[in-house]
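Submitted below is the structure of interest, expressed as structure tokens.
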């Protein structure tokens, strides 16, 4: 049995899906999650905006002893996804501890730009 | 009622507003803040320089359950903003816990460059 | 005698070896490790995937009072390396405390893209 | 009187001074330090390499209530600086708490690449 490692609650304040792509790669963001444990992790995403109510309870599963690099454009709730070209923020809650990193590839111009950071862990008290 | 999460005091040592832009996007920095709570957050920015006194008490509001991606070029104090092309550092104090990330888009050249990092949280003691 | 500093267990959820390179630099990732101590550090890597079993126990040594910028493409287990163009995650365990940072250079397009973040430390309890 | 904030000991495992520049900006790294206090901070850098002894005791001052964005190429010890094109790691010790971020601009190609991360704080015990 492998143990779950990390935290159950993570925040990424700077979300943004670039509306344009050029060159050979498509602009996208990934929420990269590692589940080190022998049990499946159930993730619950909340998306916060600048000017409207949050989108809540988008679910995603990370199998035991697997990573998932989740495209934010793939997250859906009742058929609706995150709008492109709009500043937003991401909250990830997991039923077991996981580790979360956020990366963005921007190919608005033909040459790519990359950024990455660990999500901010909210310690359970 | 949703609870405030994060920290009340954050630091970003590497601030710099690129003076030049080219291509389809404008060079800029964003201080991205998430307020998870049911109450409004009042932010107080202090800007530190290499060779002059700090600019203090630039204020900004983040509404309840909202994110704000604050362009540093929008911060004002008595009509004065942060000068471009000058190294500086950012201190963010909030009256309730929030989460803060810093990102920069540099389009000095036509093709973009991106960087991002979580701000450094100063734990309240 | 210099003391070991940092943590013994680090996680990098967003691993990816870009399959293509162009321009004057080659796409690559580096796991950058600092061993501040007077003793050698023995690292043990586990690589997690989205759709297959982890690759375990790839070993690497960081000599006393040295840094190593380890190309992920150099990690081997029984003659097999990490496949390119596949999302994965990295776990680093060390027998003594070290500090770990992850960086990626993507030269899929002729102009480079860079990203970097500290690995996430799992505190020993 | 303003209080010193942050930590006294910081690590950056991924140091590298790009040997080449092109376009309108010069490749460089900056160690960005904020001193929030009313007293001057005295920094002591140690540079670690992959294959030779560390360079120790490069000193730098950050005045009270100021930031310094220190080019790594400006650090000197007995007239010798950090060699370019060589992987290295950075240790920063300060006599009072400060906050440290690391950024690199790579203009090996004409279009720039940027990366940034907070340095890793070693908590005093």
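Think of it as A, B, C and D in the order they're written, each chain with its own count starting at 1.
We adopt the following convention: contacts are C-beta pairs under 8 Å (C-beta built on N, C-alpha and C of every residue); 3 or more make two chains touch, one makes a residue touch a chain.
Treat the numbers as computed from the prediction; the structure is a model and nothing was measured.
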For this session: Taking CA centroids for every chain, report which one is farthest away from chain D.
Result: A
For this session: Examine where the copies chain B and chain D touch and state whether the two sides share over half of their residue numbers (same) or under half (different).
Result: different
For this session: Note the rotational component of the Cα superposition from chain C to chain D, reported as an angle of 0 to 180 degrees in steps of 5.
Result: 90
Problem set entry | Distance between the centres, which are taken as Cα means, of chain B and chain A, whole angstrom | 22
Exercise. Approximately how many whole Å separate the CA-defined centres of chain B and chain C?
Worked result: 31
For this session: Mark out which residues of chain C touch at least two other chains, giving numbers and ranges.
Result: 110-111, 113-118
Problem set entry | Complex contact set, residues of chain C against chain D | 5-6, 23-25, 30, 32-34, 36, 65-69, 99-101, 103, 105, 110-118, 121
Problem set entry | Residues of chain D that touch chain C when the two form their complex | 9, 11-16, 20, 48-51, 53-54, 87-89, 91, 104, 106, 108-111, 113-118, 120, 122
